[in-house]
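Everything on this sheet refers to the single structure shown next.
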Amino acid sequence: MIYYLGLIGIAAFSITGVIAAGKKDMDIFSIVLLGMVTALGGGTVRDILLDVNPVFWIADLSYLWVSLLASVLTFFLIRYVTHVLRLLLFVDAFGLALFTILATEKTIDFGFSAPVAVLMGLITGIAGGMIRDVLTGRMPLLLGKEFYATPALLGAIIFPVLSYYFPLHDLNRLYAIGIIFIIRASAIQWGLYYPRWLTYRKRN
Amino acid sequence: MIYYLGLIGIAAFSITGVIAAGKKDMDIFSIVLLGMVTALGGGTVRDILLDVNPVFWIADLSYLWVSLLASVLTFFLIRYVTHVLRLLLFVDAFGLALFTILATEKTIDFGFSAPVAVLMGLITGIAGGMIRDVLTGRMPLLLGKEFYATPALLGAIIFPVLSYYFPLHDLNRLYAIGIIFIIRASAIQWGLYYPRWLTYRKRN
Amino acid sequence: MIYYLGLIGIAAFSITGVIAAGKKDMDIFSIVLLGMVTALGGGTVRDILLDVNPVFWIADLSYLWVSLLASVLTFFLIRYVTHVLRLLLFVDAFGLALFTILATEKTIDFGFSAPVAVLMGLITGIAGGMIRDVLTGRMPLLLGKEFYATPALLGAIIFPVLSYYFPLHDLNRLYAIGIIFIIRASAIQWGLYYPRWLTYRKRN
């Protein structure tokens, strides 16, 4: 069940990655590479940092094929996809929530400490999009302003806290995924921003 | 023989890397770093993803020295190098063909599946140039438009297919290298592009 | 002693990283990520290339906390920090010198050859700042022009040379750290540049 939800999340990451970063006159090769980097990049960075071998998409090729297929279809169906873009943003939010918490949990299960697990959850959720932005010449650090990384960070912090206080509770994972999804979905729906006192005001 | 051809390919990657990315008033340190990243970057990403230790240029320092020497010489001889730039593009095309197929073959020999081997071949061929472009503020994903990555991908796909149907044929490697080289050389000679239906047309 | 100096260096890298790259209206999340990437990025790339597991800030969380704390404080105290910016540049120079030489020494102790150790020292000193620049849309390779990477390279070369000729001399490390610090500090004080014959003059 979680496995298939994961594949749906990978597909959503690929599609929104292509739509967010695709530029006019870019060839199909670059477009598909963009979609795959967005979907698989975060987990790849996590596996390299934790020295998990082989990397998840080498260990199980399904992720690769789903991402490839979703990116190619997006290329050809882009005219129709934009009609359901808003729906896709919510599926993407679900993918963000799912991957962040699954990675946090996996890192704890490997025996790493909670702060490392929080960071690995965050990296899994957002690094793919950051690599994509670097490859297309955008400033990835503006991601934060869109309230994309922040919900992931909050959920990744809440999960080990819940697990500490309610160690045998089966629903901790679900609660943490829900928190990320709800904050991110609210941000999509109502456009949340950081308050002024939490944005940088350099002199001059 | 293949080993020495590989060193020539590394030198060509370093030289064309410096020429493609060097900008006016850049210091010698940055120029040499550019050349070395272009030549060694792709194989480094491959070795990290496959957890091959140590990375190839740490295991055999020849690659490092050849790349360093070629980059330093290019810095001082740039006025003369541009006269033979066209020739260098073809040597670079040969390096692309050689590294892509050798990496594909090496990955299969390590026991990974064919799709992983194709990706590793592609990454070995193009990731160095992509990192160089990121470091100099270009958009690496336009690489595709120049028909640089696409020939590498085609050759990397054809090689395991040939190996599957003609498992004992010694020339499969040569054929695959030849295919990449011929397509890339044709692109240099006649300027090939993706047809319009394979380029991205976002609405608006 | 060296350990605590290292934590001070990490704090200085975080603070100068935030100040160098922070842009108006960037949210606190991105700012803190910038500071942490600057401080921890170089050592992370080194540990991945050498396959040191786990990466240093996973093995000892102190580095993570110091970097996090320094980045958050910089965000809130930026108005006051700029008053001591010049002092911070010298602390940053000390961090550069320390990390470069400690990494060079550590790599030699692991049994790698001197050229690899020199590169790892250099990477540890400068890669964090380069990743930060990539994430904020700057051209990292202009680093060289500021005489930041060059002193690190010189010190990283001098250290194994000293160790070769005076193998039992306890002060080699100190001399190499001092050389980097003095050259970098001179560059901050008097603005050193590469001479014209060592900068790139592409035709046209």
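A, B and C are the chain letters, set down in written order, and residue numbers restart from 1 in every chain.
One rule holds in what follows: contacts are C-beta pairs under 8 Å (C-beta built on N, C-alpha and C of every residue); 3 or more make two chains touch, one makes a residue touch a chain.
Every value quoted in this text rests on a predicted model; they were computed, and no experiment measured them.
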Any idea what the CA-fit rotation angle from subunit B to subunit C is, to the nearest 5 degrees?
120
Tell me whether subunit A and subunit C, two copies of the same sequence, contact each other through the same residue numbers or different ones, using over half shared as the line for same.
different
Using mean CA coordinates as chain centres, what's the gap between subunit A and subunit C in Å?
30
Residues touching two or more other chains, restricted to subunit B: which are they?
48, 51, 134, 137
In the complex formed with subunit A, which residues of subunit B make contact?
48-51, 112-113, 115-116, 119, 130, 134, 137-145, 149-150, 153, 194, 198-203
If you look only at subunit A, which of its residues touch subunit B in the complex?
22-31, 33-34, 44, 48, 51, 53-55, 58, 61, 64-65, 75, 78-79, 82, 134-137
